[in-house]
Every structure is written in structure tokens, then in C-alpha cells.
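Chain naming follows the written order as A, B, C, D, E and F, and within any one chain the residues start at number 1.
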């Protein structure tokens, strides 16, 4: 289970990098992130973590409600 | 092999939910599916299953033809 | 490790087929690839391999530089 | 461990089979959760990233998105049972 | 078990290696099938979902889509053999 | 084996745990490499495929794309450490 958590964390991390790179970085005339890109990456990753957290909470609630409906 | 079939089935199921949700559900002013969305989800899932079945048949035919060409 | 290389190779292969099919094949009035599609598939796969090679080289350089910065 | 209501008709599984079924179900739940995160991000999150927090519109959208994803999940399961009796996706 | 024509130049694999190669090939076929389903859905299926069945246009498109996917698969394999002698994708 | 700078605060792992951590890290690197290939292809490669080689614009774009991906990777790691103390993505 601990190993699974590790894997889940790494998957979250890797998805986060991909998403924020994809959404924020579009100028390839330089090999350094611009200030605008840096700021975007920072907000994007903060928002994505809050997003995952909220979706996770709702997911657990729905899952619990569904389990109760099934009468277990 | 049985376990593999189980996994394949679950992957099909999960892909089906994702596809039909993505294609049919776009109104988030309510937390219940509208009648229009429900109807779309139903047709989408029926169509996706028929789609997978047909692609699977053709896949097997092509696979068999290719095996024959390779002379085995 | 050998098995991992095999898997990596197969993943590369499968991604390559998907990408070049997706980018090059869009006419389904025939069941044979047209000359234009064939030429596109060929250039697409050549370009993708060169692309992967270059990205791989830069990846290793960056990885090595990062390792050095971490002082190991 | 009966997230999808599976398992009801399988009274005599060995314990190894039960563990495998539970593992398969956990994988499915993880897979579904990851797809949920992706889909609701795509449908609800403003990609301008002017701020790092979730605003009211985004938060409400996310809550409804999760609820609708679950409802879709249930509906698809019902459709598959009706439609898919003996269905084979055609894999080898 | 020679879906892609591999294996011809490897006369002396141990049985463990043969099983691993067969498993890797089965994974590849599964992966390819799933990508085929996705790609042909994207190229052939009308996303309006006015009906649950496949119409004539969709069915014909799917048959040709599968055929062209296989042909692409063969061509890419040939190109990789020609081009990629000794090619390394640069992974660690 | 400390690609992301992890591991510094874990002085007493058993050797089994070390191997598992190393495997998890290798999987992450492979995953990241594959995403890098996809993302930079999407951002830099001309999809007309008029020629099989990489032209100057594409090559330069790829080099910068990899550099910026690494920098993004480092920044996200820093943000996660600052922001995410005790953060749980909410999975079961």
C-alpha cells in the first residue's frame, strides 16, 4: 500500500508537470522560462492541487453514498 | 488469462464512461443529468459497444490474414 | 532490464503507428493507403524517430547537469 | 469492495480469486479517479491561471461535475447490463 | 506469436525468454487494439449520438479504418527497419 | 538515483524499500520522458510532414522545449513542497 501511495504521488506529480507545461509554456525563442511563464506555472500547480483535493473529497463522499445505497 | 479478461473489461468500462461523459455532459448548472444528457449517454454507450465489437471483428480478420501472409 | 528495453521499444513503436496514422490518414473512401498517405506516413515516422533521438539526447544532458547540481 | 455492484452473483470464489478481484477493482477505482480529475479539470478550470485558488464558479462546477460523473457511471453500467449480455469486445 | 514478424533472428531463446517475449507481444497487441478503437472512433463516429446504432457510413468507415491502420502498422515497421538500424531513442 | 531530490530525509530505509523507491523513480523518469516526447512533438513539430528530417526551427525548438520542461519540473517540485505540506490528493 505504501508503494502504491508512492506511485500515486509520482503520477500526480508527473501529470501536474505535464499539464502546467502544456498550458503555460508556448514560447520557444528562449531556453529559460519567462517571468510570465513562471507565474503561470506557479498558479497552475497551486490550482491543480486544490482541484485534485476538492475532486478527491467529492469522490469519497459519492463513493460512500453509493456504498450505503447498495446496502453494505 | 481470466484476470486479463477482467482487466480488459474494466478498462473498456472505464473508457466508455469517460468518452460518453466527455461527449454528452457539458452543463454544470445542475448536479443531476438532464433528460437530454441521459439520452445522449445511453446512445453513446450503445454505439461505443457496437463500435468496439465491429473493430474487434475486423482486427481479428486482419490479424489472421497477416498471420497467413507470414506463412505460419 | 532487457525486458524493460523490449517494452520501451514496443511502446515507441505503438506510439509511432498511432501518431502517424492520426496525422496522415484521413480519407476513408478506400481501404488502401493512397500514395500521398504512404509518403506522409514514411516522413512522419522518420521525423518522429529523429525527434525522439534528439529529445533523448537533451534529456540525458539535462539529467546529468541536474545530478551535478545536486552534488552527487 | 463492491463499488460497481459486481460480485453479487459469484458465491464461490477462492480467496486468491477474491484478492485478484479486489485488486482489479482498486485499479479500476484509481483509473476512474484519475479520469475524473482530468475530465473535470478540462470542463471546469479556467486555463488563464490568473490566480492560484479555485473561484466560486470553478468550485461549484467541480462539485456538480463529480456528481454527474458518478451518475454517468451508474447509467453506463445499467446500459451495459441490458445491452451487453454475452457481449464480447472482440479481443483475442 | 509473430504478429510483427519479430523473432526470426533469435534462434536460441530460453523458454523463460520466449514466455517473456510472448507476454510483451500480447501487451503490444492489446495496446494496439485499444489505440485502434480510439483512433477509429475519433475518425469515423458521429458525436451527435442521435441514434445508438452504427449507420452505413460509420460502418464502412470503420472497416476501412482498421484496414488502413494495419497497413500503416506494416509500413512503419518497414521504415523502422530501414531507418532505425542501431537507432537508440536515447533513454537511460 | 535522486533525480527529484527525494530521499534526503529518509535515513533508514531497508534494502527492499530502497529497491522499491529506485524502481518507482525509474518508472517516473520513463513516464516523464514519454510525456516530454509527446509535449515537445506537439509544440515543435510541423505536422505537414513535407520532409523526414528535422529542420533548424524544429531542432532549436526541441532543445529549448526540453530545457523548459526540466525547469518547469523543478519549479513544480518547489511549489509542491511549499504548498503541499501535508497535502492529500484525497484518494482512498
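We take it that contacts are C-beta pairs under 8 Å (C-beta built on N, C-alpha and C of every residue); 3 or more make two chains touch, one makes a residue touch a chain.
The chain lineup, named per UniProt: D, E, F = Mitochondrial import inner membrane translocase subunit.
All of these numbers come straight from a predicted model, not from anything done at the bench.
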Result of counting contacting C-beta pairs for C-E and C-F, higher pair: C-E
Reference chain C; chain at largest CA-centroid distance: D
Relative to chain E, chain with the most remote C-alpha centre: A
Whole-Å separation of chain centres (CA-atom averages), chain A against chain F: 14
Averaged-CA centre spacing for the pair chain B and chain A, given as whole angstrom: 26
Two or more partner chains touched - positions in chain D: 29-30, 33, 63, 65, 67, 91-92
Contacts with 2+ other chains: residues of chain C: 8, 11, 24, 42, 46, 52, 54-56, 59, 63
Chain C contact footprint on chain E (complex, rising order): 4, 20-21, 24-25, 27-28, 31-32, 35, 39, 42-44, 60-61, 63-65, 67-69, 71-73, 75-77, 79-80, 83-84, 87-92
Complex contact set, residues of chain C against chain F: 8, 11, 15, 19, 23-24, 40, 42-44, 46-48, 50-52, 54-56, 58-59, 62-63, 66-67, 70, 72
In the complex, chain B residues that touch chain D: 3, 6-14, 16-18, 20-22, 24-26, 28-33, 37-38, 41-42, 45-46, 49, 52-57, 59-60, 63
For the chain E and chain B complex, residues of the former touching the latter: 2-3, 5, 29-30, 33-34, 36-37, 40-41, 45, 47, 49-54, 58-59, 62-63, 65-67, 70, 74
